[in-house]
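Shared between the two complexes below is subunit A, which pairs with subunit B and subunit C, respectively.
Moving on to the complex of A and B:
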């Protein structure tokens, strides 16, 4: 197999550094992945594969960091989007699609009686924090340390650009530490507006951790007892664990839920849904954006939801995800490498033994990329409906070599 | 002419009220326009016209509240977008289009040496506030009272969902009051990170006001002298006054500029550009979103910028805008109605005489809508390159009747 050449990516990046701070910023920054041994710029994609600007082909396990749940350029979704685009996208008013999509989502999410829409995950997580404050007339927000809820000042993982006031009423507790959560509630009793958590813990630069038995249910019970609003940030996991919200497979029930990534298979839209009691507060927190009523992503979302349900996508992804997990575990055992394979099978992550610096993971992922399989060393992976058994087999063939290289490197 | 029937809009809205707080929220809320006498839902659009779900045709002077600068469904822009969509939109990486678009914008905006991208105007105004704080290590932000910079907590025009801490370091001064601005600077000397203004004052529920001679230049000079970052929010006016930023026709120079609406003729993208000295701070303020690298809106933006420049769009819009203004002034004189016709010809606003409650404006706009011309009684209007002289003539024919009705009503 020819080893990939990244010279066009490198040339574009050199140009980018002249006109863009950092060249590439945010979650796709090469500094977060593998400088020099990873593509920097994509050219096209189809199914579970993409081609970078140098023409290298990658079997993809990042799915655009989540949005691609059916495979890139899914014909049915793209046809629905193109059909709407012929009539128009951005108007003076919403279209009937907004009503249809709200009705559809409300019918899917058991506890919800209303929906609103934005473009980005953080549009919704931040707005839900505001709704919790408006509903309770309290200020404090509890969150899990290290969880990602977007790039806004109250929760950004970055060190720059936020001031103490942005986080004066944001308090963190460790994932799976119900006692610490309850201590915070006790300490700030009567001052707490909401708590926000993901469905399972999937931090960048860390293993994923499922909820301990009773953890999320325990948060829910305290919230109900204390009048605290429980916000589920299902931006990353929504529509990969369950069509009606990830809480459905994790035995708890939030008051608000935020969706984004997989909702429209890559078209820009996010949504928040909530319980009836929160509707008056939701109506009082101003919410808008230039493109937030746009019709094309709503057409794409309606189509994506149809395909996910009709084609049993969540079950399919779970099955190929299990195949991938079993293959990784087997390959690691063959090379006597201890691994941690964590998270949900539809969005897993792997790290090595007791190392915490991800250096062996970087070698491993670099080798996988050299063999045409795109994996991330510091961020959870994503599977999609376009991954077939033979794709998993191709990935596992590369895993064997990559494990050998990862072992040999240290 | 048949008076429009809005029964399908009304039926959809009744359904929406069941599943969406307020039914329609944000800047397109019917509560902000004309309940019962305006369409609520759009179906399709072409050029400077759109059709609502009841099949009513409107000659449009809102342009989707700004984004539509070339006309709805501009063939060249839509072809560029569709071509990119065939290759893909949302990937693991940016595409070369991001570099091209940054290079293009930096070449257009005289003071800027770098660019970043988001989806929404507020993504950029808020991020620029953060960059100003990061660059100066100061907290305070000065802004113009009543100006709109998005729906985020530090600046939302809504009353709900924000806490005192969100605005603890945000201080307002009146538009065109350079003394008040200087007093704030004096009062908070050494604590001020930035000042943010629009290119001219275009508040909702108010007349537009151009800058008094020396006002924006005076802000600039104080900013330079005091080390304060001057942020131009060109979200609404960008690419309608000048291709290189509205400051070019208003004799001042900011340090950062935010663009959004007209950048991609309705495709979802926003941008911020800045001076070289601010690049290090910009690189330290984490900036990302699930769809912020997406390729289709960048292809649409590149195409939109080509068409604006090649077809002399800004001059064209100014010319038909002047025609509209002259016609309104003449019609008002004929009916002996005192009007204020304010703002830039490309995005004007009209109100009546010395009234402050907009009741006569509502009657006027309702009559215009009844005649198939969409105007907003409380928000500035927008013209686009698809408005031809005969469209203006059609609007002016309706204005005569609407002025008569507005006069008769009080």
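Moving on to the complex of A and C:
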């Protein structure tokens, strides 16, 4: 097998080091994804494939870490975005698209009566925390240990750049441990503004874990009883589990929900929606950014939502995701390798059952990448509507050798 | 460095830097010569703080992290800052000899060793052009860092904070062409480190590609994330464990590195 050539990626990275701290930072840092085996810089993408700056082609199961839900460069979405771009993007005022998009989202999310917009998931999770505090006049926030809610000081998984005071009123409880959550509520009764959770637990460097029966509903009931605002961080799973928010398939109802990634198929926009009774507080929490009213992403979001609904995208992604799961499980069994295939079929994660240190996963993903299939060893994967059965077949054709390599390595 | 961390710096000097004398006395000809005919026992004791004992006999030098109950000479430092000033070669009053007055004449080899140690750990740039010297500098620097990480893990607030979100496991560091192997284990709230092969299979393996990369990392001239992207350092396995150790090494650097020495 010919190993992909990454010389142009490497050259760009060397240049980047002169002018960018660490060369590439954040979740796309090479340090996190098998440096030397995966490309560092992308050039173009189409459907469920992308090409790096060296011309290597990859069948992509990361979908830009989530935003690509319809496939890269989706013609309808790009046409809608281009049409708006011709009229303009950034103005002194919002455009009518902002109203249209808010109306559309409010019509989709059953409990919501209003919507606001930002650019990134963390814009919205952080703002929702502020709204919860404004609404309750309390200061404490409960969150699930190890969950990701963005890179702001109160929640960043990084070690640097925050002080203890940033998190003095943020308390964590383990996922699926309703008793621990209730104990925290009891301990801080009257001081808790909000609790924030994802729809299911999908930490980096860990298996995904679905909610135990009654867990999210239990949080909801406690929040209602105690006057605590329940925030659903649906940034990663939004529009992959249900068009109206992931709570719809998980039998609970939050007070606020945050969307981002899949909302506009790769165009920069995030949104938060909430209950009517939170609207006054939402109006009092200052919210803005230089590009937060940009019209092009709003046009793209409106188009994306149309396509998702019209084409039954969520069901389609679930089906190809199931094909991928079945194929991987079968290949692992053939090699007598125990695996844990966790999470929702539209955004699964696979690890090997006998290890917690990812060594075997890294060998496996390295082999898959050598075959042109981009999988991440430490972060959940994403499927999109552009994945067809023949793409899954291509991935499954590579998986046998990759499982063999993973088996042989230890 | 914050004033409140003088005690931590003092412990680093006594329990991470001073023990490098052992390796120094094996690796560096001048140090080996100094130890060959030496026969002394010197205790360093800090008021309400740590202590250490350096002994040399039969051509072997040892450093222990506590005073022997009897024998040898003992120097008393009035406070951590006092000892730190001596280690950093700042103007300070001499320590108070409190035991073994008559044996102080035997300590001349120790003074020679201390000078060689300082020159090896904090070399002038031209000295690094010598291959052998550079290797010794790197080996001793890594050994100091290895001994220092458990100390910062116990006492430095930012290191302790980083460890709270660091998964448990065993990490091995390899620098093949320096023949350096060491391991760090973080488990049950305790961080241990040792030179040599790990006691069991590692959860994370950090491989430094070559001596030059090691030198740049020690000198703070190569960002660890950049080194990973450039392929000069490779991390296999549990990356968050390596990430936690990286924070600890950065904390060690903040106490013992050249900028910290300049500030002190």
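As a convention for this text, the second predicted complex is superposed on the first by the 408 of 410 C-alpha atoms of A that agree within 3 Å, B and C clash if a C-alpha of one lies under 4 Å from a C-alpha of the other, contacts with A are read in each partner's own complex, and residues count from 1 in each chain.
We take it that contacts are C-beta pairs under 8 Å (C-beta built on N, C-alpha and C of every residue); 3 or more make two chains touch, one makes a residue touch a chain.
Everything quoted here is computed from the prediction, not taken from an experiment.
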Which superposed partner A:282 touches (first subunit B, second subunit C, both, neither): first
Contacts of A:318 with subunit B and subunit C, given as first, second, both or neither: neither
Contacts of A:327 with subunit B and subunit C, given as first, second, both or neither: neither
Contacts of A:218 with subunit B and subunit C, given as first, second, both or neither: neither
Which of subunit B and subunit C A:78 touches, first, second, both or neither: first
Partner chain in contact with A:99 - subunit B first, subunit C second, else both or neither: first
Touching partner for A:114 - first (subunit B), second (subunit C), both, neither: first
First (subunit B), second (subunit C), both or neither touched by A:378: second
First, second, both or neither for A:161, with subunit B first and subunit C second: first
Chain touching more of subunit A, residue-wise (subunit B, subunit C): B
Residues of subunit A that lie at the interface with subunit B and also at the interface with subunit C: 21-22, 24-25, 40, 157, 159-160
Touch list for subunit C against partner subunit A, complex: 158, 161-162, 165, 167, 169, 203-204, 223, 225-226, 228-231, 234-241, 243-244, 247
Residue ranges of subunit B in contact with subunit A within the complex: 12, 15-16, 18-22, 24-28, 39-46, 50, 52-53, 60, 62-68, 72-73, 78, 81-82, 85-96, 98-99, 102-103, 106, 113-116, 119-123, 126-127, 130-131, 133-134, 139, 150-153, 156-163, 165-166, 168-169, 235, 260-261, 266-268, 270, 279-295, 374
Subunit C-facing residues of subunit A, complex: 10, 13-14, 17, 21-25, 29-32, 35-36, 40, 157, 159-160, 164, 205, 356-359, 362, 378
